[in-house]
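First chain A sits with chain B, and in the next complex the same chain sits with chain C.
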Partner chain A sequence: MRRYVLSITSLTVLLIVVFFLSISVGVVGLGLKEVVGYFLGATYDPLLKSILELRITRTLASALTGASLAVAGVLIQGVTRNPLAEPYILGISSTALSVTSLVLMVKPSLINSRTEIMLYSFLGALLGFTFTLMLSRLGSSGLSLVLAGVAVTSISSGISHILLYLLQSVLRMPYVYLLMGSVSPVLKSDLPILTSTSVLCILASLLIAKPLNAYVYGDEYSKQLGFNPRLTLLTAATIASILTGITVGVVGIVGFVGLASPHICRYLIGSDHRFSLPTSALVGATLVVFSDIVVRTVSVVVRGLGELPLGVITAVIGAPFLAYLVLRRVRE
Partner chain B sequence: MGYPYMKLTYVASLILILLLGVAIGYYVAVIAVPPHTEVLERVVVVDSLGRYVRIGNVSRVVSLGPSISEIVFALGLEDYLVGVDDFSNYPGKLLDLINSSRVKYVGSWWSPDIERVVALRPSLVLADGGVYRQVMLRSKFEELGISVLYLRGSSCRDVYDVVSDIKLVGMVFNVSGRAEELSSYIIGSVNNISKKVLSVNVSKPKVLVLLGPPSLGLYTAGGNTFVGYVIEVSGGINIARGLSGWPQLSYEAILSEDPDVILITSMGDVNLSSMREELLGTPLSMTKAFREGRVYLLTGEANDMLVRPGPRIHLIVDIMSKLLYPEVFGVVGRSDVYKVLG
Partner chain C sequence: MRLAIKNLIVEYNSTRALNEVTFDVLSGELTFILGPNGAGKTTLLKAISRLVNIAGGSVYIDGKDLKNYSSKELGRTLAYAGPQVRRELPSTVFEFLLIGRYPHQNYLQYVETVKDVEVVERVAAELNIRELLNRKLSELSSGELQRVLIARALVQEPAILLLDEPAAFLDIRYKIEVLNIIKDLTRKKKLITIIANNDLHLTSLYADKVIVLNSGHVIAVGGPEVLTKELIEEVFKVRVEILNYHNRNLILPITSSH
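Then we have the complex of A and B:
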């Protein structure tokens, strides 16, 4: 218990530090005084105000994305009883891409309307999850869910790649860019959707924490404790898909956070979901906010690269850390 | 045991509440109104995305595309320029302005850094409507209250598209006279060449354009691209004219078409002998172009002019016509166009 309190406090402090760091770092350097002053209602000239708004939007979007994906990761890893699972295996990312590219092919002018594209991505993600559910016969077991997810991901991945290839001549750009998530186009007006969904879902996941604890030991064990394993599976998977779907809609595909954050937080405080869910959220948020800082720093320092995709940086940062944790565990 | 959260109704209502949360968030977002900056209207124009853009007084301009920067200079508007994308490199005066820090870089052309744009306090951003990431940033610009005008930019296909961009910029900066002059000159030059080509008594040469050396993949330009247009108007037959976009060809397809002229574009450093060796090692050495020594490498400015639809279009059409019909138009005497063989 003490370990948990220690971890939670230090992670919260770390997140706050990284949050403020993210708002100060950039082409126009902002001191801590100005950042805090903004929150306290001080007025600034329009340029400073614009830059601050830009950064706060990005940072909030990064934090919420990280938290959502991390919690989704914990839920998926619990529900499939598989430490290698990550949020996109339930057929979410590829189907979202397929639906979006199909819609763009039918009506290319939709590229102008961000809200509609976001909605289609989100619906596509949920559609992918629905197919997975249908294929696994409403989650008859964790294994069937994973296999169904793999099947749906493969099919829709193929479809999405074909559609994206065809879309190249419509959009006049190499299609790989559509695959990469980025926080920079996120609008202030997108934040209410992201916040409300993420917060509600993360709170809901806490309610499923105890049943999930029992679930990971097996169906029989879970039934003996009075829980319904099938219902646990369904609820957890649905919450995870909504969380992942909303991030795919608002930010795009950001890999690795959903895989690494649960492991990092499990290393810190063990596998009790009542603790690992909120801790993982903090870990994920910190990871993605920090990655966004790196993205922006690289863009300022290195000429000609433009803004790197967020998923690349999360992998580059997260992977060595994860490797270090694995090595430590292996040595024990 | 009465664990309430395991009852189906409970779970179902939970999920309903979650989706309600999404719906509420969406509703709030949709009715959230972006800030309306009051702009003293001087002119209202329609940009390439079909938006009505109200332009007030413009003092600081950021260009997000290399062809757009060229248009700005061509119309003599360089005093307004405060920022360009990383790819902008023409004319030489632009590089001077950058070196003296009067003009700053704002990030790459296919992914501009919005913060660097904002930091320059622009009164107008001239964006490239042909770049997906730039079009995606449209709502962000509007939310920040920055005036942004989308030109056709890299999505220009022919000389008339380029001229429409030039005239739009002219309208915005109140130099329509200059824009009109430049446009007529460019159209006139291009039409002169294409007319002369039509009257030539030689069969049209078949042209293969390779974007980059063969080792990168045999990427060519389809009929609906700017490169395809340049070939067409200079009197060539693009062997990829039936394809669209930037497809990859196979050696078989190329050999069955047997092009008369091969043009290779290259962005970076040029090593003529290694290029020659590389080409000799590929099936391209069996084409008619090779046997007649009509293989050319376009680098530097020539390369830029071919892949970038801009106000130098008449220059690249001139170069292309010379490459395709040297007996009519003369030989190309530029240092950035290399004859790979012989």
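Then we have the complex of A and C:
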């Protein structure tokens, strides 16, 4: 318990630090004075104000994306009882994106309705989760789920590549940013729906923390302790799909955050979901905000080449976890 | 307290795993279900714990039908410790044992009470697994895991304790130790304890009551004296000798060459 309070406190401090850092980093470097001045309402320069507003939107979007994906990761690892599971690895993100792009292909005007895009993205995520789970039924080891995910990812990312390529004129941006994620196109008007859905889902996930704790040891434990394993699975899978769906709908595919965060979190405070869900949200938020700082720093250093996609940085940070976990599993 | 099982029928894909099983057990009694592999021992324990569906008959706890218990109420009354646990996700023994307290907690209660932690620590001390509390569940040996699984059931503080092969992976020292603990708890807390196993010798050492099961049928119910040489040789298809030692009949399997 003391460990939990300590972790939550230090992670919150860390998140606040990277949050302010993220607001000050960019083509126009801003000092602490300007940033704090804005929050105190002491900024009157309209240019400075709009730069700060853009950066705050971007940073909030990164934090919410990270928190959502991390919580989705914890939930998915719990219900699949598999430490290698994650929205991206299981093909959930890519299916969400291909369904979204398919819908956009049919009805391009939807690009202006973020809520509807998020809804289709969620349906795609749910579909992807179901596909992968069905496919992995054929094998029983933990790795078979990952292999099923690889198959689903390959198919659906192939589809979304083609569709998004054709859709470029509608999207009005290079499609690689949706395929590998980017928080730069997020608008201030997108924030309310993103924030409310993500915060509600994270709070809802806390309600199933105890059933999930029992669930990971087997259906029999779940039943014996007064829970319904099927209901736990359905609820967790739905919440994870909504969380994945909204991030894909708004920022595109950002992989490996859902894998790295739960593992960092387990190392810090253990695996009790009551504590790992909120802790993981903080870890994920910090990771993605930090990754976006890297994205912007690189674009400042290498001027004129545009920005790196966000998903590239999270992959560089998160994929080694997958390599490590797979290696350990193969050795066993 | 009385656990009464009346004409219990369980079917798996329309084949009968349990056929009209009927018996009574009283609290403070250590009951052993004895039978060869596939006799229906595990099915019987799971049917009593409502983990498999009952096709006919009923289970009564003090006259109250098991069907009428809410699942949480059942979790406070009854605990089943099977031989298995999923441990792909890393977690510690302490975290695993704490879930046993859930039936005693409010659903939204987020933090354990002092009592919850005390129960876990007391049970861990009783079963001699205190040094395992911070170990990963996945790193335990089969003997250590078995004691942890029994501990989890005891943490639930049930009135009815159902143990499926609790001693299968234990060495002789722990077999005796664990069964002594279970026997003491059964007497002291007036538990209804039912142990399913196929160890003839161990059963003859500890049982207050024996239920012999064969292909889903109850062959014999009663005190340890129902375990006659003829019955055992018929059911288990092995030769045994029964020795009387300090007024207890000990069953010893022997090879046919003697």
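Just so it is clear, the second predicted complex is superposed on the first by the 232 of 332 C-alpha atoms of A that agree within 3 Å, B and C clash if a C-alpha of one lies under 4 Å from a C-alpha of the other, contacts with A are read in each partner's own complex, and residues count from 1 in each chain.
One rule holds for everything that comes next: a contact is a pair of C-beta atoms (placed from the backbone, for glycine too) under 8 Å apart; a residue touches a chain by one contact, two chains touch by 3 or more.
Treat the numbers as computed from the prediction; the structure is a model and nothing was measured.
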Practice task
Go through the superposed model and pick first if A:100 touches only chain B, second if only chain C, both, or neither.
Solution key: neither
Problem - Partner chain(s) touched by A:81 [first = chain B, second = chain C, both, neither] - result: second
Exercise for the section: Considering only the touch criterion stated at the top, classify A:226 as touching first (chain B), second (chain C), both, or neither. Expected result: both
Handout entry: Touch count on chain A, higher of chain B and chain C
Key = B
Problem - Which of chain B and chain C A:276 touches, first, second, both or neither - result: neither
Handout entry: Which superposed partner A:1 touches (first chain B, second chain C, both, neither)
Key = second
Exercise for the section: Determine, under the contact definition given at the top, whether A:306 touches first (chain B), second (chain C), both, or neither. Expected result: first
Exercise for the section: In the overlay, answer first, second, both or neither for which of chain B and chain C A:218 touches. Expected result: second
Practice task
Starting from the residues of chain A touching chain B, keep only those that also touch chain C in the other complex, and list them.
Solution key: 207, 226-228
Exercise for the section: Mind listing the chain A positions that touch chain B in their complex? Expected result: 26-28, 47, 50-51, 53-55, 109, 111-112, 114-115, 119, 122, 168-169, 171-173, 177-178, 184-197, 199-201, 204, 207-208, 211, 226-228, 231-232, 234-235, 238-239, 242, 246, 296, 299-300, 303-307
Fill in the blank from the handout: Touching chain A in the complex, chain B uses residues 1, 3, 5-6, 8, 11, 14-15, 17-19, 21-22, 24-26, 28-30, 32, 34, 49-50, 86-87, 105, 107-116, 118-119, 121, 130-133, 135-140, 143-145, 154-155, 222, 224, 244-246
Problem - chain C contact footprint on chain A (complex, rising order) - result: 1, 77-78, 81-83, 142, 207, 210, 213-214, 216-218, 220-221, 223-228, 266, 270-272, 274
Problem - chain A-touching residues of chain C, taken from the complex the two chains share - result: 46, 49-51, 70-72, 74-75, 79-80, 82, 84-92, 95-96, 98-100, 102-103, 105, 107-108, 110-111, 156
